[in-house]
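In the two complexes that follow, chain A is the common piece, with chain B as its partner first and chain C second.
Take a look at the complex of A and B:
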């Protein structure tokens, strides 16, 4: 049952990834079309900070972080667990991936928060 | 299948080789390999990307230096490969989702010669999805080669 839930979640986050990665792509690559700024400007420090100060962006990036990392790391876990591992090693893989995921998520979430609370000029 | 959450040592006799070599290949078997490789590429990229974009905390110079680096040719090619992997993974992923939910496999029926397996009945979907992926990858890439 637990494995079934983990796998269902792997599939259920896909729509989130599809929408948010699509948006991310629109912001980064089609900035001239969607925002009327050049691609260079879109990647500018100021522009990035400006974007990052909106609540929407804070929430959406953290969602993308969670969904993307879960989907990707769960996939990686599955790949590793197909190798002939001893039960002890398999447990180690599970724990290692979970810790690694939480760490990267924390870093990404912290950076997103840092951007959100950045004081321009200060 | 064991249904409890105890980690299991699968008897994966072929190990790593089993990913690449599976005796009689079908087209879908190659797609499986591609899905696996692109998935691993994407997660590797995503992790590096989170670490890399954290550089913004080191200030304007650090950030703009990094962005200038990414605007160089080698990185544009890497970016294109990343894009191709993402498009392939996403579209093949849609095919996998449909399959896993039981669509496009046809109804089970008596195995009367000439046999029509669920893989065969599923094949048109495979072609449609991969043609789409190919088109998007080539059209998307045209901006790289013909700016």
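Take a look at the complex of A and C:
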């Protein structure tokens, strides 16, 4: 793929990360401020499962996971590719980072989906 | 009363020497020379070679900042030796080394092959898709001053290579195309006679292309001709992004061609008088 598209995408995901990370902080870390519940209450298992069963939460976290992973791994690739690599090694780095990203995304998406489809008491 | 220094001042020149046939590593040699006001580093080197060190090597040609041959690392800055006056440096000891980020051929001679190879890779010439017009031109391209202004400053590049010597990205990533080649890629892409973006993409839209620029701006500071290659790289990024979104230049937007017959007629009207000697 053209480097321009990869680079543009890594910039485009920045506002997405900023908004979704803001929502994540509001839900997870500033629950007493925004929802009037204690931090302990916001973080306990039942509350998390309850939140995780909403479609909004599912979409938010899968999007945040994809955007964060892409932005972070594009940066990591930039650092690694600046090393004096042979063309074969450079391809290996690109392919390795792509596979690693897909694996982490699949894992994160599975956890988010598992939470979404969790049946309380079932 | 003039504040010009008229009496010569003794300056110590620390010159990095390296002879690949005799030395295993570079070393520094010191020379003392009476420097008068207005003397350039290049003139000082010529005098040192004539009077003290005949084996001293460097590359130079025009002596007036046009050919771009005499780039050196003078007092830790990449500069043209012919444009740098010794007394303007303001130090009693002047250090002169070959340009960094290049292999050293001998003494102050850098190997500029990477500069030339990167420059050639971006196809630094106007690409016009109508082959018929190239082979048998029917007229001339017209370009307005505004159209020329879009890339004008980048035409002043003299390929001296100082920008690559100053670039911190080239220092860590030798495959980075560098400010010179990328600014030239923009110079031709922005030319309204050109429609070669598609042909250049393979060379410039790569990892080691414009997105590796760390925006240090050292290239623009080092350029002896006042070109701003760092700005050129940013403009090239914009052109590439627009092209990747389908808004790039599809064809040459040159205004029109004047029928060649008119041009020939105009040339004939202003033709010089017939030769009077050497008939």
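Here is the rule we use: the second predicted complex is superposed on the first by the 121 of 122 C-alpha atoms of A that agree within 3 Å, B and C clash if a C-alpha of one lies under 4 Å from a C-alpha of the other, contacts with A are read in each partner's own complex, and residues count from 1 in each chain.
Here, a contact is a pair of C-beta atoms (placed from the backbone, for glycine too) under 8 Å apart; a residue touches a chain by one contact, two chains touch by 3 or more.
This is a predicted model, so every value here is computed, not measured.
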| item | value |
| --- | --- |
| Chain B versus chain C as contact partner of A:81, first or second or both or neither | both |
| Broader residue contact with chain A after superposition on the shared chain, chain B or chain C | B |
| First (chain B), second (chain C), both or neither touched by A:111 | first |
| Chain B versus chain C as contact partner of A:98, first or second or both or neither | neither |
| Touched partner set for A:8, first chain B, second chain C, both or neither | second |
| Doubly contacted chain A residues - partners chain C and chain B | 2-3, 81-82, 84, 90 |
| Of all residues in chain B, those that touch chain A in their complex | 3, 5-13, 15-16, 36, 39-40, 42-43, 46-47, 50-51, 53-54, 56-57, 60, 63-64, 67, 71, 86, 90, 93, 97, 100 |
| Residue ranges of chain A touching chain C (in the complex, touch as defined) | 2-5, 7-8, 78, 81-82, 84, 90 |
| Touching residues (chain side chain A, partner chain B) in the complex | 1-3, 11, 14, 18, 21, 40, 43-45, 48, 65, 68-69, 72-73, 75-76, 79, 81-87, 90-91, 93-94, 104, 107-108, 111, 114-115 |
| Touch list for chain C against partner chain A, complex | 172-174, 201, 205-207, 209, 211-212, 237, 240-241, 243-244 |
